[in-house]
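What follows is a pair of complexes built around chain A, which joins chain B in one and chain C in the other.
For the complex of A and B:
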């Protein structure tokens, strides 16, 4: 008894009020914050790419291939935090071999595989096929073989074949948009369907997740585009940038309205959980929700972007505003995920107490590993860009 | 003969029309599908899904595990006195094997497999130590102050644990309320001033329930402006204060607070 008391004493400091014993420690930690963040970026980047093909938005053409590769790089990394969190990655195969249709979590494998293979890879293949053939013709050594293998040894660059490519891309994109919605809406669904948790349980959850995903995806492509053009020493295409920032602005407004709607709805309903949730917001989540997510991640970038719309701002300054806004949006969306995942576990289901989350530095569930997972997609993207240069100049006439 | 050559020709023509891309893509897709089917056949146990979403053989594996536990009806054969006593007591809901451990082997060979009996004092507080989250009415003690240093079984029969003497204080069973009241403004009001309690309640509490105040006027006996209670008692206007609600919708009677 003495011994237990000694072990408990430091843990009890992180608790206020009454809490069930199994709620003291959080089970979904930083890795589960990283996972919806990354999947969100995938869906967002893909939807941006679809704008070019489906809605024929000419201006953002320079980012089309870049968005596709970004989506692919992040999609490859997306399940890794999950696998690290659950452990036994070799068993992940079983969800494909013995599918359990009544489990939303188990269905993720299929949604993921569908999205990866039927949408992203196919679209990239069709889009690059002709260029790959031409590149391979003029190359030697390893790169020639890599490119040839990726074309599946196809050599047909005839008018008819290219026309078929184009039509396929359009068809895939049309299938792809609902698929991207599914991919990230699914993540929101997982949280929204936890009946016992009033912070999560909301039908709006999938939609809020989706729009924050689009916001983060657009902001990410904008950032990557700016940095990469800078590194390559090229001129930034201002029309493209303005268009991207415009989309960012409008989706942010939708996202903001949805989140406000969710918030007001909760306030108006005032279910029995409202007491503890308001304690949560005004206490443990104050900095991450009000200061970072709302002020830094939403209001400030919105103000920046709308000032560009309202006043005549010189291009140089515009670029700075876009860059800083997009960066803030990334921070904001990451804390959005944090506030959902971590926030939902900070209060007791008895609605009478709160616990705290202390992140560890090392270990699988620690900060360093999560940072690794956040950096990894950029390394993958670097490799992808080396193999499939997305630049306009690389495109064969 | 003529028809078939026509068909072959037609197929050839059709095949030429299929875009090159589709042909090439169909190869990896075919490999994937075949790979999936092969993997499914190789890796999924053949009896999977026979009864549900699991391996049917898992049931046999579970069945083949050694049985550790028995059941209290099995004890009756040799310990009928204990079983009978326990079934009449407050411990009727507590299984023999909760306290004595798995007993399957004991039933096979009682002398060869003696069961332990938890006689030490530390054991019973696992269930009976005072905890605010335990329901009111569940018998709880604070073991540090409840007849310390003596084994519980020296006063309570484990199979019929009713206290050796009928508890006189309500605190023996309503520890949380008593503790709360002890710190409140109502500390000097005894429980029975507000709850008329039949004597039998202390013996069979669920069968004989005490009364609970049910009207505003009850509290008014002391708190009404005209009540004949002591001078220090705070007064309220019974007509206007709290309107038509009973007082304990706002004041917890065991810890009344006004400020």
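For the complex of A and C:
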């Protein structure tokens, strides 16, 4: 009890105007910023992978398996920040056992399980099955057994079986795209459907979440691909990189347009909340929304990527532009999540005042734990890559 | 015919529960719990006969804050200025449309005189609490059904079930919920449910020295609330959100949100 008093007392001094007394404690903190950021990356990486199989974009083939593994690594970590956030993690299974079907949040377990089991794991299994069998045949020791177990003891590498694999992958991807949309659109819906909160309540929210997810996913795979290729001492496939950057550019344009539409719509409708929201944007969210999200995370990378389209830029410089742009996009999308989650709680539902959020360093809801959750997927990805090498040359002819 | 239907439905329900209980023992627990919850009621209390609500006469409230204080004592609400099941707001409307609102420690310690240079136009106090909405957004969003509406129209939280996700707090337009720092579960005004099922009135209503708060049935019986609703022009908070509150205000000012 003393701890919370100690935590909240300094906030009292930072309140401007009037907020309801129960609003002094900010309820969804950094962990809930990390959660939609991570699920966004999952959805984005998967949709990128789908481009290869459904739309036959051959150029991005080198990143196909890498995208799938990235999506899986982040999906495995995705529920952890939620679990750490809730007051009673030991009761979290109740969401599965006694779900309240009118709650958007109760659907989490089902959508997550569906996406993990029916989409990602299946697609990865079908795609790797033949390679796993061949690898297991030629290997010795622990790796042989690991690969063998992951084949689920199937041994058929006949042409017919491989054809079936391919057909299955196509079918799964076709189901997978709407599922990926569902996974992240649903996260947007959790916020967009809160009618009490005018900063969140918007029918555009799921769509904005979705496109920002695709943006962040493509940018992430681009970054991982560049770094990993560099580390492995291989040549970067420029055609692939250009294509990735192209997709990044177009999805950013869509994302930017949607966000601009949302902004203009709010401004034009000018509802009751407009005054407090203007105060919020020009005050407490100025740096994170205008400077970081808009200028650094959107305008600058867009300028970089369009300069590549407009001028003849040598490959070396192109790589640099892509890398910096993708990095800025990551910062931008993370800040987007911040501005939605934290921003939506900085103003009072009395529309009369603003409160503050002070992130702690330690503790479950602190910066260090959040960084841990952001680093963890990369460790998982490292392990996955060791077990399921996604490289072209590892693929059995 | 209707009875047969109910029997069949009940039978099917039990069948499903017993089959599913093999795979998820939580279901059986839920069944047991729903039986337990009926013991909330004293003998002779039938929740179906009531639909509770509260009326608030703004003009009578003197801002003494005894209601907020009594609530904290009655319901084990932490005596910190961040957690309230009910609180009192003060509105000071000055010349030039300037509005000053405050609620220092929720009004528990009363209000100090507000010194201002501008001329006062009007000033008043507004007691706030959970609006016990007929269409409660908090109940809609609770992922595990820990918060629910009773038959007599009161929204409660089952702290045994609450996982502390705080979605209900986000969904409440009135800032009426908080997380209890000891139990880490959601808390809110219950209309002093433990009292009203015994035929008593909520603590805040009981201690109000000016009878600014009126408690009673909204259903067509001769309750103090029905009389209040008949004698006053009433308004609810944020009606545009379609939550259908059952806390009714007489003399509510346009500045109150």
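To be clear about the criterion, the second predicted complex is superposed on the first by the 382 of 397 C-alpha atoms of A that agree within 3 Å, B and C clash if a C-alpha of one lies under 4 Å from a C-alpha of the other, contacts with A are read in each partner's own complex, and residues count from 1 in each chain.
The working rule: contacts are C-beta pairs under 8 Å (C-beta built on N, C-alpha and C of every residue); 3 or more make two chains touch, one makes a residue touch a chain.
What you see is a predicted model; the values in this text were computed from it and never measured.
After superposition onto chain A, the modelled positions of chain B and chain C overlap sterically.
Look at A:22: by the touch rule set out above, it reaches chain C but stays clear of chain B.
In the superposition on chain A, A:196 makes contact with chain C only, while chain B stays out of contact range. Of the two partner chains placed by the overlay, only chain B lies in contact with A:126; chain C stays clear of it.
Number of chain A residues touched is higher for C, counting chain B against chain C. In the superposition on chain A, A:360 contacts neither chain B nor chain C. By the touch criterion defined above, A:154 lies against chain B but remains apart from chain C after alignment on the C-alpha atoms of chain A.
Shared-chain residue A:348: touches chain C; no touch with chain B. When the shared chain is aligned, chain C comes close enough to touch A:104, but chain B does not.
In the superposition on chain A, A:392 contacts neither chain B nor chain C.
Look at A:86: by the touch rule set out above, it reaches chain C but stays clear of chain B. Only one of the stretches 9-17, 27-35, 81-89 or 135-143 belonging to chain B overlaps chain C in the superposed arrangement, and that stretch is 135-143. Residues 1, 18, 93, 96-98, 100 of chain A lie in contact with chain B in one complex and with chain C in the other. Here chain A touches chain B in the complex through residues 1, 18, 93, 96-98, 100, 117, 122, 125-126, 129, 152-154, 156, 160-161, 164-165, 168, going by the rule given at the top. Only residues 24, 26-27, 30, 78, 80-84, 87, 89, 99, 101-103, 105-106, 128, 137, 139-145, 161-167, 169-179, 181-182, 184-185, 241, 257 of chain C touch chain A when the two sit together in their complex. The part of chain A that touches chain C in the complex is made up of residues 1, 3-5, 8, 12, 17-25, 27-28, 82, 85-89, 91-100, 102-106, 108, 190, 194-197, 345, 348-352. Residues 19-21, 24-25, 27-28, 32, 36, 39-40, 43-44, 48-49, 53, 122, 132-133 of chain B are the ones touching chain A in the complex.
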